[in-house]
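Listed after this line are the structures, all set down as structure tokens.
Shared chain: chain A. Partners: chain B in the first complex, chain C in the second.
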Partner chain A sequence: MSVEVPRAVAFSAPRPSLFAGLRRLPKGVLVLAFILCVLILPPAFFLFNVSFHVSNPDGTLGALTLKHYSALFTERFFLPSLVNTIVYSLGTAIVALVFGITQALIVERTNAPGREWVFLGAIIALGIPNVLHVVSWLLLLGRAGPVNSALAATMGPEYMIHVYSMWGMIVIEGMNFVPLVFLLMSAVLKSQDASFEEASMMSGGRPLRTFWSISIRMGMPGILALLLLVFIRAFESFEVPALVGLAGNINVLTTNIYQSTRGQGFPRYGEAGAYSVCLLVIVIGLIYLYNRLSRNAHKYQSITGKGYRPRVIDLGPMKWVGTTVLVVTFLLVTGLPIIILVFASLQPFYEGVSAGSFGRWTLENYILLHDAKSFHDAIGNTLIMGAATATAVVPLTALCAWMAARRSPGAWILDQLATAPLVFPAIVMGIAFLYVFVSLPVALYGTLLSVIIASTSRYLPYGMRYAYAGVLQIHRELEDASASSGAGQLMTFFRIVVPLLAPALISGWLFVFLLSVQAVSLPLLLVGPGSEIVAVTLFDLWQNGQVTELAAMGVVWIALMTMVSSIFYYVTRRFQIS
Partner chain B sequence: MIRTDAGRLSRSTAFALLTACAVAGGVCAQTSDPILLYEGPDREQRLLEGARKEGQVVIYSAMIVNQALRPLLDSFNKKYPGVRASYWRGDSEDIAAKLAAESRARNLGVDVVEGTGVGELVIQGGLVQPFFTPEIKSIPENLRDPRQLWVPTRLSYFSIAYNTRLVPPDRVPKTFEDLLDPQWKGKISWRIGSSSGTPLFITNLRMAWGEDKAMAYFRKLADQKIVNFGSGSARTLVDRVVAGEYPIALNIFAHHPIISAAKGAPVNSQLMNPVATTTATAAIPKGVRRPHAALLLVDFIISKEGQELLSKADYFPVRPDVAPRAELASVVPTKAGVRENLVLPEHLGKYGDSSEKIYQDLFR
Partner chain C sequence: MLSVQNLFKAYETRSGEPAGGAFDISFEVARGELFTLLGPSGCGKTTTLRSIAGLETPGSGVIELDGAPLFDGASQVSVPMYERDIGMVFQSYAIWPHMSVFENAAYPLRVQRRNRPSREEIEKRIMRVLEMVGLAKYRGRSATQLSGGQQQRLALARALAREPKLLLLDEPLSNLDAQLREQMRAELKRIQSEWGVTTVYVTHDQAEAMAISDRIAVLNQGRLMQLGSAEEIYERPTTEFVAGFIGRTNLFTGRLAEASVDRGYGVVESAVGPVRCWFHKAVPSGAAVKFVTRPENVECARMSAGQENTFEGKVVSRVYLGDIAEYTIRVSEMDVLVRAHPSVALSPGDATPVYFPADRTIAICE
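For the complex of A and B:
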């Protein structure tokens, strides 16, 4: 049998020499690396440049300097912020992974009733724009929110919770990432051979033990990648630290920089740039470490030549416990935030959930939305932009992930390149691409195409992680069989790898689509008159409108995204793609 | 592709650019178009002819789109069918960043910029040029820029917002000193991260009181442990006051609580002597491609017709001959009998950095 059950992740594999590899790069790797460079170098170059130069009052860059770096480390809040950032990022990753992986295990491996609905729940959650997600959690847990009202009424006001705290930040950001973890993890599990789990169960292993010692361990490369992904995203996140942390006087590094640079005059990107550069170095180190850890990833490959479709474990009466877990997670991640948004959208103003608030309902917010022409104009552009971005990202990253996972000479660089945009702050990427497009001799500036190019760069890392998790599970022997039957590399990729990867790629497409259509900071400066997209309209409302209007727009947006996702799923099922 | 400094352009590149400019018929000429300062009797006629040839005009504005910007441009399009007006909406900082990028790349897409913080940013950056509009004579003297780099477009009055359930009528702080009462410790919030946030609050008192008195006050205010509201607009902060998160918020737009209160929300605003008054400004960038249409649009925004449209969208007009909405009159300082302190773009430019430093030193 070609599959071993991993015991521990070993470091014994010899380290390939980087330079020896560079000299003999295959053509495929070179072409892919070139495409990635075109997408990534502009923001990277801008980031380095801005971090090493003085910013002038007119937004141009002046003399060379290291002061942004020294400011970063000598700032009086640096150390406490660093500690907070680490606690916050780790906490977030743990919350997201615990909930997401549990969900994925129950859905992919058990017969808990109702599990097929979890996908829909996760996709609806992904359709909630980030800003709205945070707002809805603050409406829920804030001083006037229903949770605190209930606590104060039943146990007394001293038991009221204070959401503007570290745990508040961790819970809110953690919940934000649960759908991502769930979808990625279920892509891993889907393509992971379940016969080991069956063997464990037959040998008398209880479901929990089986999950712990078989499923989790076999999915380890994927889980580690996820941990890294969520950790990095939390490390550079801004919304939750700003909306939740600052109000409780908790500073993390991103809000620290924001406070030092964004008070007055032209926004200065020097320190933000320096921070991203430092983060980039750390991430490169982490990915290197990750690659070493997953060097023996072939041990985890379980899609082999024999029938591999995973089977379901019968939980017996325990299955209802599984369902309960799913329902609770759904409520936390998707249900409650949407319920509170719907509630707020039907109120003339939001003053918590009280007896009084049930006496006043209004459709005014929706009527206002109905008259909002800018919203209607933007829908078409937004759908085109999201679809084009996803269509560009998914095949590109699938190829990269495959080459990287198969350790084509030098292909490690593809993973590094495609992951780099993860650490570029969206706003800095927006500015960087603005400068690129405005300087190009071709008239790209202000067009939808420019937004698509920038989004493709931004969402490469997500496509990469999706594809990578999937590729790791496919055993090489299938490709070897293809090769020995005379197929070339590309042929093998399209005839063997792509069909096996299809479920992961399809979920990845939808995922990138849903993320890219809600981005605000990136497209804001790139769109021009006539190429507006919905998220920018949403931002306008966020800046100028009332929270009830914002909620109404959010509800309509979520409904629209749910519709798009459902159609997508229906079509793919119909044609038996997944 | 990204130049670090315009001055570092190599000579050959500069030459190539100049040649390209010459070939393109002076499209990116940086010299001021004489029409911008033209005051002759046939100005209107010349603008109409020029604008028709230019065919369109683009404004970058911070106004709210559906209630203000679109109705305004729709009316403009109806009035001047030969000129198609379109917009891009962003915050003042974004508008300035976009203009700076276009200006450096000599690829100007915008003809008019408009916003509350825009004026000071684009003037500091040297990105705009003087222009004349006959409508300026209908605008009060103290709202005119002697350098003619900007015209005012809409006024904003700043006050505190308070939750009427959490702050009973007899305890509402009426003066800045009242905010120092120990009962408000930890219960006041203000908005950081924007020039119309903390820097404006601090600048206002420094201008009105002088440095010593203002500093003494800020030290005491810092003891109140003001909550730094980090992300989201002034409107968002008022919504938090409505929801009871914070009993009091400083330096918010005075009309926002009034609009919410009209719907029954437990919130109100309280003007304090002196009220910080700011004006949004419109400016025309250097190297503007469609100067005639740009002037037509600026004329229109501050005309009686344009100001009436903005007034309907809850903005405060800059023309004395246009009344603000009756419901909002209570927060107009002159009508409420409270002294106002006009904080113009040049004041924010002059005081902004040092006010920001006061915030950094005392309130972080």
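For the complex of A and C:
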């Protein structure tokens, strides 16, 4: 028999207060939410705070003001910088997509010989820090570089190229994103049901017609989403704008922020804060757009049913053309940069590739590195920082993802909190944490710990992505079976969820490690004496013009990181983690 | 109409182990016929279908449509799939989500190179097909808004749009729920016979195959096991696999009691006693012989023992299913499954005679 509750009575029941509501949440959710808040809220708070206050020369904050913002919109740098940023990001996205998608199409949909080796190239690329990539391209295309010497020798000096320009930035950053586009696009192609194309062929559509009317049209939402993704990443990038743009007097938003903190006189924190908030708002808008677009892209995928099989087009004798394209792309993206780095590392000084330089081989740079304590310290610091960051991020996000995926009451907030840092461009995050650490009474500023805390906050979303995908793969009933066997929630988590989740967690750990050790813009403003890390050291070496030492250090570092990224690749392949 | 001769297509796993395919498949399909390839997953039915479509290139063999070769391994002929005049319905339907219902169906006409129909002609013909599958009123709708059954109809309309010589259906009903499946099955059959299009149908569902087909080819492990009408395959299986795959059956082993037997009747000495069975081919004296009989063909309770093919048995269990009562009856250590009319009232432990009609007790000599 059912008891009817009169509606009026149900409504007149006193509303629970916020505090009572919080108390009803599971303790686990509350603890996790607290930890996440500690990691995320202070930088956001300080960033806004500093942008709305007068900053005094001694670093303290003065009266409330809007002058940083009004200055931003009235000064003559903001608009040109914004335009530059947009041109640069769009160009980058187009270059990266053209190369990356071509590569993915050849690898996934044709029988070009050697196509499976492209993944190896992508793994190596994953192990090269962005800053090294940029430097090696500058060595290739710079004034003294081999490309310009060849141009000058064959066509005359007036044909020499000037790499410190907008198109130089676009090409270098574009090449940098080719592996990412390739990996994402090949995953999309792998998951696409080939029967859409087969249905077209069976309707009498020739290969070109099929490619145009079906493959491209259906892939369009996905391609647009990818374009926007690279656009966002370029929008918030720092290495290329700093190393290429600043030298050519081309300012973008991220370098404006950097300049404000490093300008003449005392650092203009308020201005940097206002810039950062603007950048943040733009990126939030772009990410919102991206989420809508990629949801659209998935709508097309969900229509497929069973009976999927991959489709490979027989290129016939043309397949060697496909291979050539792959080899050339590999050389551009990974091969040439590494070759020029190795070359430069074996030279006593770098002045391009000439007949003379082949007579001057030396191992001195490596010997110098081997003997330098600072180098060992930097490597040690970086490995500790990467390992600590990954070790902090992975268990935290694993718990959050599990609670969120299993819909514990209030756990959705964990998901929101852990993915929130995604909207912070790295340089903005760096500035924000800088404010936090200089204002803290504890002497954290300049220590390795400060970098670890900032990195942990920054890479939470990446850990979350791996953990969430992993949890979704575990069937709910596996846990229910544990519960019905009498195990408590924690017991179930450790005995059932963790073992099943292990592959996803291991690859998440490696991925966060790889990302965090290669970042420049986040730790750049945070490190101090005694907490040097490799990527920042490389950045400084370039600024100081110590090219050959930089090259030697880069080669050693790439070798180390390629090992890590190979393990990462092996783990994800072995356990089929997307 | 369609002829497939000695089709070979072997697959390998990455490590080089054999992984299914089709081995020496031959059959002919007559004009207007609905021909079904039936078998469990991995039996080679889809491989055969995709070879006819041109989506796979066979290792060897000959495929001809209307006298013209589509594929000939010996003379290296292989017509590209888009030049074969074949319509196909995919298991996943493969309805293009970026096109409307009408555009999906019209695509085959729009991409035609030779004598492409005029705009009005396309409009007329597509509306006719859409009408036939009952989608005319959805013509402007986005394909993503269709239900499973509607997508299925649209896939069929698209396959028939350019009136192909041959229609291929790859497990078209397997993505539908049970109720819709039966409805669509009838509709498919209706449209096929109305349209009169020669059809090759692939399925793993024996009931579906029997309901819809003019003739059925049963495949197993890449080989053709038996070819015939639904009745022939059900009533006179020639291999143990076919007997077991289609419906339920009682299987006995024994030895030929007579000197030899031609196509016709012969007596087999088995565990239950001497049984007279039907042989579909000649067998030498003393050969080991298996024979099968369907549970619904075995009779019990209403005859007296001592007659031909009649043995004394004891009821082990009875399952009442409403329209039928299913008995397990032990006849000299052999459990025999019997499906009897529910009015037959035996209880476990009862003794009863069991009769195997000779014309429905089929000897299998592989």
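The criterion applied here is as follows: the second predicted complex is superposed on the first by the 301 of 578 C-alpha atoms of A that agree within 3 Å, B and C clash if a C-alpha of one lies under 4 Å from a C-alpha of the other, contacts with A are read in each partner's own complex, and residues count from 1 in each chain.
In the analysis below, contacts are C-beta pairs under 8 Å (C-beta built on N, C-alpha and C of every residue); 3 or more make two chains touch, one makes a residue touch a chain.
These numbers come from a predicted model, not from an experiment.
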Which of chain B and chain C A:Phe46 touches, first, second, both or neither: first
Chain B versus chain C as contact partner of A:Glu173, first or second or both or neither: neither
Which of chain B and chain C A:Glu198 touches, first, second, both or neither: second
Chain B versus chain C as contact partner of A:Asp415, first or second or both or neither: neither
Which superposed partner A:Ile214 touches (first chain B, second chain C, both, neither): second
Touching partner for A:Ile431 - first (chain B), second (chain C), both, neither: first
First, second, both or neither for A:Arg206, with chain B first and chain C second: second
First (chain B), second (chain C), both or neither touched by A:Glu271: neither
Dominant contact partner of chain A by residue count, chain C or chain B: B
Of all residues in chain A, those that touch chain B in their complex: 42, 45-46, 49, 53, 57-62, 77, 139, 142-144, 238-239, 241-243, 245-247, 249, 255, 258-260, 262-267, 348-352, 360, 368, 371-375, 431-432, 434-436, 438-440, 445-446, 524-525, 527-530, 532, 536-537, 540, 542-547
List of chain C residues in touch with chain A within their complex: 53-55, 81-83, 86-88, 90-98, 107-108, 111-113, 143-144, 155, 158-159, 161-162, 168, 170-171, 174-175
Touching residues on chain A, where the partner in the complex is chain C: 193, 195-196, 198-207, 209-210, 213-214, 217-218, 220, 299-300, 303-308
Interfacial residue positions of chain B with respect to chain A in the complex: 1-6, 58, 64-66, 70, 86-91, 93-94, 96-98, 100-102, 104-105, 107, 109, 120-121, 124-127, 189, 192-195, 197-199, 227-233, 235-236, 239-240, 242-245, 260, 263-266, 348, 352-353, 355-356, 359-360, 364
